[in-house]
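Look at the two complexes coming up: subunit A is in both, with subunit B in one and subunit C in the other.
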Partner chain A sequence: MFRSCLRIPAAASRTLASTSATLTKSALVTPRTNLLSSVIRSNGSSVNWCAFYTTNNSPTLDKSVVLTRVSNIITNFNSQLKDKTVTNETQFAKDLSLDSLDTVELLVAIEEEFDIEIPDNVADDLKSVGQTVDYIISNPEAH
Partner chain B sequence: MRGSIQGFSTIYSIGNDVVKLPRISKLLAQYPLDQKNGKLENQITFQRIASKFMHPIEYSNIDKHQNNLVTYIGGIWATKEAIFKALSGFVPKKDLPPAQTIYTGLFYKINSIENGAPFVIFDDTFKSKYPQFQLFYNTYIQDTNLKALLSIAHDGDYLFANSMLVKDKKKI
Partner chain C sequence: MKLHPAYRACLRSINKVFQNDIATLNKAKLQLHSTTISNANVIDKIELESKIKELSDVAIFLRRNVVQGVRDNNDPKKAFKLNITKDTELGDNDQGRKRAFTPLRTNSFKQS
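Coming up: the complex of A and B.
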């Protein structure tokens, strides 16, 4: 559902209309604000812009894509993990032999990849790839 | 002199840790500190790593350890792990704050001005910064008059930290 629709000032509208460029329907979604702006009509004499804010905070991340991205981080983490098969069930300590320092470094790499901050109490509970993927998907800031 | 030396009346727990210093070197290579105008300047990514285990006071002392940065950071990591292990043997799991909260907020390691020996101070602002853990602090740090004894040794690539949680000698 859309919360607001904004119309650009008339002067700007005339400026856009004066160009000979053909305006086509386009959408721009910015990760942070989820501003979806779309040129919805162009008839050569006026252009109406509408800006829509989605009520969801972020585009939904696909779970399999997140798993792939997390797996890439893990397999690139060190040479011993290069050929590891990583699934949702893979556990950091038990299956990947990561100690606490490794886990801190891995979670920082994941924070950087998805541009999120993992709170202290959550970090303590992330023992497996699946738990990490689930957290990333649940985090509205992740992208 | 006789009778003036007193030991600690209660030992609550012990903990230790060993860290391979090349791992810290690798971490610093990946998340480096820039040196500008003779002073260490921090890149955002090192701050991110440091924010997971360094107390702000330890972080602010980085500049003083330019010549032994790897040992300094390795010593902090090992100290945090050693004391966390000791706390885990003394505090029920349900009462223990998250590890990173303990590492970055509960205590910090500094060095004696007299002889350079490392020692640990519990941060009494922990309660106000983390009011949700006030009960933990009151019960296990304050009311027990807790002191963390620390000893660090390093030889080549390895650094060891040993800690003992005891009841401090002087009353609050």
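Coming up: the complex of A and C.
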């Protein structure tokens, strides 16, 4: 909720980076973390701006991390699912015995966790954990 | 009109307007679930349509007409702070009446 306030469009941050006079050419091609530290070193006054920039450019989500977060939501969803082992192959209806309403509820809980909104036409087609993880990875808003 | 998008919209509205209020959140979700299940035997197409319409209207109503008040314990007057969102219906009765005819895009709602 709070994190979304700190998000600015990627294009805007690129503009900021390219207009920053303190950046050298080599700094621009180094990984983001290095880029940040070089900005801090060469221009101490823009430390606040750098903090903002870091938040915006949190690393892209890793598939296994997404799976862990999703499986945490599933095992906390209700008491029947507490001891379930969740893999990418796990199907909501078949393996977790969720009815269609439960599946909607679970997907909304997952939306909240990643601060995204899954469109209706996509959500109705998500039948397994793997499909859901793939969708979250593909969504640039997810974090 | 399909049930799942309406159910989803209603759930999102509940999560939004009752955020951080665990007791009310759980109660609202439980009521949404049990009311929907209790209508599972409705087979008449027209009745089903109207039930689903009702559900999506509830989703819109919650967003427009429910405002959460949060008590600020640090405030000496212990005043309530109102969480007014961009969907909250503001203005006088005339404006409210006019606005009732413009569709609200529940799907494009973004958590803030």
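Operating definition for what follows: the second predicted complex is superposed on the first by the 84 of 143 C-alpha atoms of A that agree within 3 Å, B and C clash if a C-alpha of one lies under 4 Å from a C-alpha of the other, contacts with A are read in each partner's own complex, and residues count from 1 in each chain.
By our rule, contacts are C-beta pairs under 8 Å (C-beta built on N, C-alpha and C of every residue); 3 or more make two chains touch, one makes a residue touch a chain.
Computed from a predicted structure; not experimentally measured.
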Clash-or-fit label for the pair subunit B, subunit C on subunit A: clash
Greater subunit A contact set [subunit C / subunit B]: C
First, second, both or neither for A:83, with subunit B first and subunit C second: neither
Partner chain(s) touched by A:101 [first = subunit B, second = subunit C, both, neither]: both
Superposition clash, subunit B versus subunit C, among 2-10, 38-46 or 128-136: 38-46
Set of subunit A residues, in rising order, touched by both subunit B and subunit C: 100-101, 104-105, 107-108, 111-112, 120, 123-124
Partner subunit A, residues of subunit C touching it in the complex: 4-5, 7-8, 11-12, 15, 19, 29, 33, 36-37, 107, 109-112
Parts of subunit A lying in touch with subunit C, wherever the complex brings them together: 1, 4-5, 100-101, 104-105, 107-108, 111-112, 115, 117, 119-120, 123-124
Complex contacts: residues of subunit A adjacent to subunit B: 100-101, 104-105, 107-108, 111-112, 120-121, 123-124
Subunit A contact footprint on subunit B (complex, rising order): 19, 23, 27, 45, 48-49, 52-53, 77, 81, 97-101, 104
